[in-house]
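Take this structure, written in structure tokens, and hold onto it; I'll ask about it next.
Chain naming follows the written order as A, B, C and D, and within any one chain the residues start at number 1.
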Amino acid sequence: MTRWTRDEMASRVARDIPEGAYVNLGIGLPTLVANHFSKDREVILHSENGILGVGPSPAVGTEDPDLINASKEPVTLVKGAAFFHHADSFGMMRGGHLDVCVLGAFQVSVAGDLANWHTGQLDAIPAVGGAMDLASGAKQVFVMMEHLTRNGESKIVERCTYPLTCAACVNRIYTDLAVMNVTSEGLEVIDMCSGVSLDELKRVSGTSRMFGRAG
Amino acid sequence: MIGGFGTAGMPAELIDALIEQGATALTIISNNAGNAETGLAALLKAKRVRKIVCSFPRQSDSWVFDGLYRAGEIALELVPQGTLAERIRAAGAGIGAFFTPTGYGTQLAEGKETRIIDGRPHLLEFALPADVALIKAHRADRWGNLVYRKAARNFGPIMATAARCTIAQVSSIVDLGALDPETIVTPGIFVHRVVIAAGAATS
Amino acid sequence: MIGGFGTAGMPAELIDALIEQGATALTIISNNAGNAETGLAALLKAKRVRKIVCSFPRQSDSWVFDGLYRAGEIALELVPQGTLAERIRAAGAGIGAFFTPTGYGTQLAEGKETRIIDGRPHLLEFALPADVALIKAHRADRWGNLVYRKAARNFGPIMATAARCTIAQVSSIVDLGALDPETIVTPGIFVHRVVIAAGAATS
Amino acid sequence: MTRWTRDEMASRVARDIPEGAYVNLGIGLPTLVANHFSKDREVILHSENGILGVGPSPAVGTEDPDLINASKEPVTLVKGAAFFHHADSFGMMRGGHLDVCVLGAFQVSVAGDLANWHTGQLDAIPAVGGAMDLASGAKQVFVMMEHLTRNGESKIVERCTYPLTCAACVNRIYTDLAVMNVTSEGLEVIDMCSGVSLDELKRVSGTSRMFGRAG
């Protein structure tokens, strides 16, 4: 089966984020999206540790340990950036002011339930960070993930088996096989990697609650 | 209560002083649970901490915490980061408790009171005060007015309000009046001690 | 929602524009209920306001409100000033409701849910959002980042967060990047429209 | 009966406020206290509209309409002053960070109940402002008022007949006749205007729940 590369996925997500949007890119795969915004589109990036207007990575040797993103990687600022404290930053998130957040996931259900903080393994050390705040607070929640685990299991599920981050919060899912909207009837497939059929997608996803775009 | 997000804004010199001072059986409220072997990780390693309240203990370099946790030698209260920040702010602002949508329907909501407000389910969360807050700021004046540096601001301003004794380490102390009243982030009313830690300036 | 404490921070030109625009049967959230015959008082006098939510309607020059209130032509929801500020902040920060000690055991607590938290009685108060916030700031940039001027800051920063559409009148718009990221009070994410009102500069 | 002047009352209150205290002076009589702090004592004044470090009134002609106090009178700043928004200002008050607030009152009960926002008259327009926040939030609440109304009725009462601002919140009362601490046994009189006796004070106050300082 052909698959989109990580950069192709990131490019697709970037294309779907409109001019002027305030966006939070989660840890991992979503951080790639930052490299794919068109030069003529102004998107303002939020980092939950208190920055609006995050810019690209600094040149080697110019990193500032006080200027990092939520993944604790050094960043820069763009013009118009602002700093604020943690309660203000999470008020911004919880209060529904971010237009889009893009999150990685372990599992997403056909109902838009998100599991992305904890595998539920007994010996795992749980860490939640800002995942629940982002998932429950942003106007639109995009998930970006590989469609299948390394073992070939679908990360799109009828029902999450991992502990939930937030119920019914995901609006759209970007995988290496397809782009899907979460609707009350199930997942509406709005794009597929060339050569992938809807039937094949349903089969690998182990669900029938998936349908093509009407009309 | 210890400020910082990772090492940005972590008051390393104050933590070293706390280790030297000897207090033990501490409950620590901080976003993370220490990095590598210094700062908060060193305090954990010295077995001074009974319990940690944080949002994100697991990091690539949190082996000190990981070991203590797996050995059952430290208790963990895991709180979503925004709820942690809001509980700290509530303690500083005299708000006893609040209803937040974050975490509803998750494992972290177990045992918590819930309520539907405006059609949306919320969890009841309580204020989280501390006896002492150790924070790092950039500059102070003699009244304890503080300004911060870039994203090292993070938990500093809210922790300063939520402790009975707030101690700030700063890079420099300037004359009273040298900080612009429009740009002071933490007014001195919240700060009880200021310590210059020159080596702590991160750049 | 209309910013200002008395006339400091009141967006007089935006209120004039609202009078011209013609909207009626409004609910106004503001600390006071208008001074003399201009600004909010002029809006009241034009009979555009059905209800006002405020902490301190009665002032030496609030005769327009006083007359309407005595004639039963305007409804009043009286809220302690700190509770008003906190309810506005809660709306902006996604907090559905909170417990506050302010007002417990008074007339203004009638009908409100109470709870003892940490031995202290509290009242439950709900978030207070708005459709539109009209505020006054000092300078803005093209993203809507705002800084304020002295005590005219008052309700502006919290009202900006609590409305679906926030309109700020400012003395000047500066180039993007001209406002120091450390000193921006209201980040542009909260501001939807910026209007220059040159006459509005108070000095 | 001899009485202290308003300035004598203000001077007495000022003397009782310690070095380094953060203080809010309420509308009316309490504002006089600002003129009586000793030059060598640093007291930091809070104004609930978002100022710490309020200074004296400006010279005529230099008033700034954006720099006013809670009474909406023009003020100045002292060195070290800071501005903040209303939620932060009232968080400061509610959170117990102010050392002392000095408030006027219509009535104070021997139990420390305070009535200072509303006379309860039917035709009165109610206005509460920050009175309830200050009364319930400051570490110490001082009341400063005339002992008797213009009609000679005591403003110190067994039980407030006016609507309460806050129950059991007052720590100390300064009137033109006496200075009293609120205790669980009633009012402890710690100072009286010369020529006033404890019996006379009880008589004009219409209460027996008043006693002299022990020892």
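As a working rule, a contact is a pair of C-beta atoms (placed from the backbone, for glycine too) under 8 Å apart; a residue touches a chain by one contact, two chains touch by 3 or more.
If you're wondering where the values come from, they're calculated on a predicted model, not measured in any experiment.
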Look at interface A-B and say which pair in B-D, C-D or A-C is its repeat, using the rule that over half of the contact pairs are identical by residue number.
-> C-D
Pick the pair with more C-beta contacts: A-C or C-D?
-> C-D
Averaged-CA centre spacing for the pair chain D and chain B, given as whole angstrom = 35
Chain A and chain D, separation of their C-alpha mean positions in angstrom = 55
So, what's the distance in Å between the C-alpha centres of chain D and chain C?
-> 27
Mark out which residues of chain B touch at least two other chains, giving numbers and ranges.
-> 86, 89, 93-95, 100-102, 148-150, 181-182
Any chance you could list the residues of chain D touching two or more other chains?
-> 83-84, 87, 90-91, 93-94, 137
In their shared complex, chain D is touched by residues of chain B numbered 89, 91-95, 141-143, 145, 161, 176-177, 179, 181-182, 184, 187-190
Quick one: in the complex, what on chain D touches chain C?
-> 47-51, 64-68, 72, 83-87, 89-91, 93-94, 118, 123, 125-133, 136-137, 163-167
Would you mind writing out the residues of chain C in touch with chain B in their complex?
-> 86, 90, 93-102, 115, 117-118, 120, 122, 126-127, 147-150, 180-183
Please give the residue numbers of chain A that touch chain C in the complex, ascending.
-> 22, 44, 46, 52-53, 77, 79-84, 87, 90-98, 137
Of chain C, residues touching chain D in the complex = 5-9, 31, 55-59, 62, 65-66, 69-70, 76, 78-83, 85-86, 88-89, 100-108, 148-158, 185, 202-203
